[in-house]
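Okay, got some structures for you below.
Look at the two complexes coming up: subunit A is in both, with subunit B in one and subunit C in the other.
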Partner chain A sequence: MSLRQIMLVLAAAVAAALLTMTLGRFGAFIVYTVAIAATGALALNLLIGWCGQISFAHGALLGVGAYTAGNLGNAGADMSVALIGAGAMTGLVSVLVGLPALRLRGLYFGIATLAAQVILEYLFKLLEPLTHGISGLLIEPAPLFGLAVRTDRAYAAVAIGVLALCAIAVSRLMQTDLGRRFLVIRDSEMVARGMGINVARTKLWAFLISGFMAGLAGGLLAFTTRIAAPEAFEISLSVDYVAMVIVGGLGSIAGSIVGACFVVLLPETVQRLGELVGISGQVSAIRDLVFGLLIILFLIFEPRGLASLASRSARRLVAFAARRRAPGDTRPASDKGKTPLKAA
Partner chain B sequence: MTLLLQLIVAGIAVGSVYALIALGIVLIYKCSGVVNFAQGGFAMLGAFVAYAFATHGLAPVLALAGAMVVVGAVGALTQVLVLRPMLKAPVVAVMMATLGILITFRALCLLVWGPDQIAFPPLFPAGAVTIGGIFMTYNYVAAFLLSMALCAAFLAFYRYTRIGLMQRCAADNSHAALAIGIHVSNQVTIAWVASSALAALGGVLLASLNGLSVGIANIGLVAFPVIVLGGMTSLPGAVAAGLLLGVLQQLTDGLLTPALEGVLRTYTSIYSVGALQQVIPYALLVLVLFVRPQGIFGARASERV
Partner chain C sequence: MKAKIAGIALAAVLAGAAQVHAADINVCVWGTITGPDALVNGMAYGARDYFEYLNQTAGGIEGNKVKTLLLDGRYKLDEEQKIYRRCVSEENAVFINGWSTGAVKSLRSQINSDAVPFMTQSFASDVLDPKNLPFIFMAGPTYEQQLIIALRDLAAKGGKSVVIMHANNEYGRAPVDVVRKSGQIEKLGLKLADTIEFPYDTQDLTAQLLRVKSINPDLVYVQASTPQVLVVLRDAAKVGLPAKLFMGNAYNLSPAIPEQLTKDAEGFRTIQIYSDYGSDIPAMKDIAAFGAKNPIEKKDPYYMKGWYEGIAMAAAIRSAVKKAGGVPGDIVAFRKSVRDEMEALQALDVGGITPPITYAGHQGTTQARISEIKDGKYVPVGDWIRAE
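So, the complex of A and B:
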């Protein structure tokens, strides 16, 4: 990502934050929920999409971030300190989760992360001095750089800021040596080893960075919801995040954000519609039903995610526009759409 | 000593249900390389369908058989409608699709039967036998005998029949199987039918042991430690590991938890260790994966370049 693109992302983030200021409370709530989910999805996408390591433990990792940030915030730390502390702690836990990846591959490793999810969930309930067990840890609002952050709009601005920083960080990372090593490991560990890449160390880096971002997302979740309780970080949350990454598109920053929108907004929409039609009693079951069916349909027809769908339709649109511009063009269809644009 | 044996007996009963579920997952994985996260969903569906049949006046045994047939058909439909079109999709996308199936089944059962625990109609006569001071309800005995009989029948089918042979061919090397004229795709469908019918039986047995609710779907998650311990590709391994984990869970619940809580209460402010028996399989799983990544019964596969 060049400097110009970074400025573009930052400008987009500022614009989004300003736009949020015009929204009501509910609008702001939706915005920060999506932004936080997108940060978490980006973290998971770094692992699955770029480094090829599946993780079913990211729901619990978000929980680690939430508890860490909550405890730091309650102890009087600034929100920035609490978030970075949450990132660091979650990064460490994430490395522990990733340790089996040094010996296991693919499916076995996926199941090992499932084990990590279950064990972490259990620890949330067990370590009462830190987590307040099943009743949950209440979290006081913390100031950010001395400024009070209490309203939904302020949280939305902070969440957008964190998401923009993470997006820039990931795209820069993928241009570094380390980022390229991730890609080689994803495509073939044997080739990576043959090239002299330290596979173990590189994988642990991926877990550390992914965990750090998941911790940021979890910390934000803690401050926005004001409570961290074990049932918020169950296996279903991990499944939601994997769904975001796969629906959005593996190895795509935009895909992570689109996937987060899909997974967050879909249940919200169904809920609203359900209340309108007056079936609020069954609404959670219907929401799950629509979610499950859409995921299945979507994966059947577009297994590479919304990001690939978007880029493909953009290409088609460009080709279509070019054809309109150059009537009577007799070159083969595959060549159309590229040169005329350059000429124009 | 009696307590120990009592716990082991209870563990074997629950463990034999784990074995049924795990067997189904291993079967599909061997045949098509797909990890079926929806297996718990099939079990839950089976239990609810059997419940529906039984409440409409069908005899319990017929309800059980009917549920196995219906869920087997659902399994076939799932494979044909969802998994076949995804033949060339990335592995994670297929995994996610099976998770989507699980979510859909759960939501369907929630819609129709609601979230509350339902008393399951008794499949087997109430009562118990006592052997050497160990108390066994007919439910436990029947669950164990039925699932072991089905596991044995199933392994025999796999070993000695013509279709079983074709199944093993398709699982072993799908290209070679295609080359000698086996319709691999159909074999995979057969595997799905068999595994979802097994899951349905498991679900019904579980409901008759612990009551009926959508929570039965969670058994699919417990099955994963089982199959990894059993070595993912080994059918007898899955059965053995299922029994082992069932016993381990009961022992944890009956012996380890009280002991641990006693120690913790004296030295720390922690009062309860919670549902330790649900975590133990995963803790064991992590341990085994570190020591012997291919599982206890699995064969080590070499990687080809």
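So, the complex of A and C:
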């Protein structure tokens, strides 16, 4: 991502944050829910999409972030300190979760992360002085850089800001040597070793960075919901995040955001459609079914994710527009005016 | 001519506004229509059905139709948080009937700042605080009060010693700690022979029940969820302890217990706050009339709880509408007025579902009675008992 693109992303984030100021509470809630989910999905995408390490412990890692941020916030820390603390703690726990990745690969590692998810869930219930057990930790609103953040609109602005910073960070990361090492490991660990890459260390970096971002998302979740309870970070949340990454597009920043939009907004859309046609009661029972069905359809017909579908559609649209402008000339719009090369 | 057209247009607009004004009483109900707590979701259906019953039989409240939105919180915190915001800011609900303890706890400061009357399905004392949480109302005795009711029943029957078994989570521990520290047990002339904590996901309690057997108490009160009560009663039968020795809280009034344990559940007692569906009470006549024209999703005591909540919420809304001479156009003022009227409800007749309710303390009733499993069915035994 060039400096110009970074400025564009930041400008878009500022515009989006300003736009949320015009929304009602429900609209602002949806915006920050999507933004937090997109941050979490981006974290998981770094691990799965760019580094090839499947993880089913993401929901619990968000929980670690939520409890850490909640405890720090309740202790009087500024939200920025609480979020960074949540990121640091979750990064460390994520490294621990990733340790089996040094010995296991693929589905075997996936199962190991599943075990980590279960262990963390159990710890959330057990470590009562820190988590308040099954009843959950109530979280007081914390100021951000001394400014009060209490409304849904304010939380939406903060969540958009965090998402933008994470998206820029991931984009920059993928241009560094470390980012490129992630890609080599994803494609072949054997080749990576042959190239002299320290596979173990590189994987742990991926877990650390992914965990840090998951911690940020978890921390935001804590401040927005005002409670961190074990039931909010169960395996179903991990599955939701894996679904976001797959539906949105593996190894894509846009895919993480689009996937989060899809997973967060689809149930609500189905619910509203059901209410429109007067079958809301039945819809609540079948909306998970609709959700699952759509994911299966995506996996069959668009395995590269919604982001890929969107970019392909955009390219086709541009080509179609170009053809309409010059029916005889089938070259892309960018090539118009150039002299065609002669065949050798 | 122009003035005439403008006059007609203005009259039409005003007439339209008046019509909308007259039909605008929005109430939001969310429950676990699907999800882990769906067994007791009759509470959500009961409240919705009561408002629909008013619409069908009385044209709503004071001639204003009630638009009741029933939503599925799925016992998921994020979903319930979303629904709450929808109810407050999109649906402009004047009263919200919400579900899980976790959601209410996380929303309590927002409920305060939104100043929206909120009827919670929770019995947790953390959300009952008329002074600091003036907009949250409950529909019966807290878990602590339910335990005290059980102890009063024991004392009245000449019992001397009690053992309390509870799960090792806050739902299990907190009410027991509160009652123990309050000195209520000793005041009633009872002796707390032992307190036995067990894992909330327990699969075997044989050792703990052998301990109970050696103590030989007059009552074993179980503060736990129904799956744990099933384990308690199963293992009690294994070590030769009768189910009649055990008593659970209001959420253990579950058909799953007699269905799964059959004869081993015979004699098990629970706290019953609401009359059972089908009881010989006046409210049942209204429910039957409603049921004659509409499907009733759940026919159990939890549905009765929902119907009771509907009666209470409607009474407060009715008083507020009467006082304002119609539905107030300002939702903030309307909500505030409904809250005040809710708190002012005195000895409101709820058709025998519970004794008459008073909401000065935000609970409606602090009474319950004991129900016992006889021939596979819960049967009320004895009269209403006060917690205070």
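The rule we apply is simple: the second predicted complex is superposed on the first by the 316 of 344 C-alpha atoms of A that agree within 3 Å, B and C clash if a C-alpha of one lies under 4 Å from a C-alpha of the other, contacts with A are read in each partner's own complex, and residues count from 1 in each chain.
The criterion applied here is as follows: a contact is a pair of C-beta atoms (placed from the backbone, for glycine too) under 8 Å apart; a residue touches a chain by one contact, two chains touch by 3 or more.
Model, not experiment: these values are computed from the prediction.
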item	value
Touching partner for A:H132 - first (subunit B), second (subunit C), both, neither	second
Partner chain in contact with A:G110 - subunit B first, subunit C second, else both or neither	first
Touching partner for A:I300 - first (subunit B), second (subunit C), both, neither	first
Which superposed partner A:P100 touches (first subunit B, second subunit C, both, neither)	first
Touched partner set for A:I246, first subunit B, second subunit C, both or neither	first
Subunit B versus subunit C as contact partner of A:F291, first or second or both or neither	first
Subunit B versus subunit C as contact partner of A:V118, first or second or both or neither	first
Partner touching more residues of subunit A, whether subunit B or subunit C	B
Contact residues of subunit A, present in both the subunit B and the subunit C interface	125, 284-285, 288
List of subunit C residues in touch with subunit A within their complex	33-34, 70-72, 74-78, 81-82, 85-86, 88-90, 101-102, 105-107, 109-110, 126, 169-171, 174, 200
Subunit B-touching residues of subunit A, taken from the complex the two chains share	48, 54, 100, 103-104, 106-108, 110-112, 114-116, 118-119, 122, 125-126, 128-129, 190, 235, 239, 242-243, 246, 250, 282, 284-289, 291-293, 295-296, 299-300, 303-304
Sites on subunit A touched by subunit C in the complex	24-26, 29-30, 33, 125, 132-136, 138, 152, 225-227, 229, 231-232, 268, 271, 280-281, 284-285, 288
Contacting residues of subunit B [partner subunit A, same complex]	29, 35, 82, 85-86, 88-97, 99-108, 110-111, 221, 224-225, 228, 232, 269-271, 273-276, 278-279, 282-283, 285-286, 289-290, 293, 303, 305
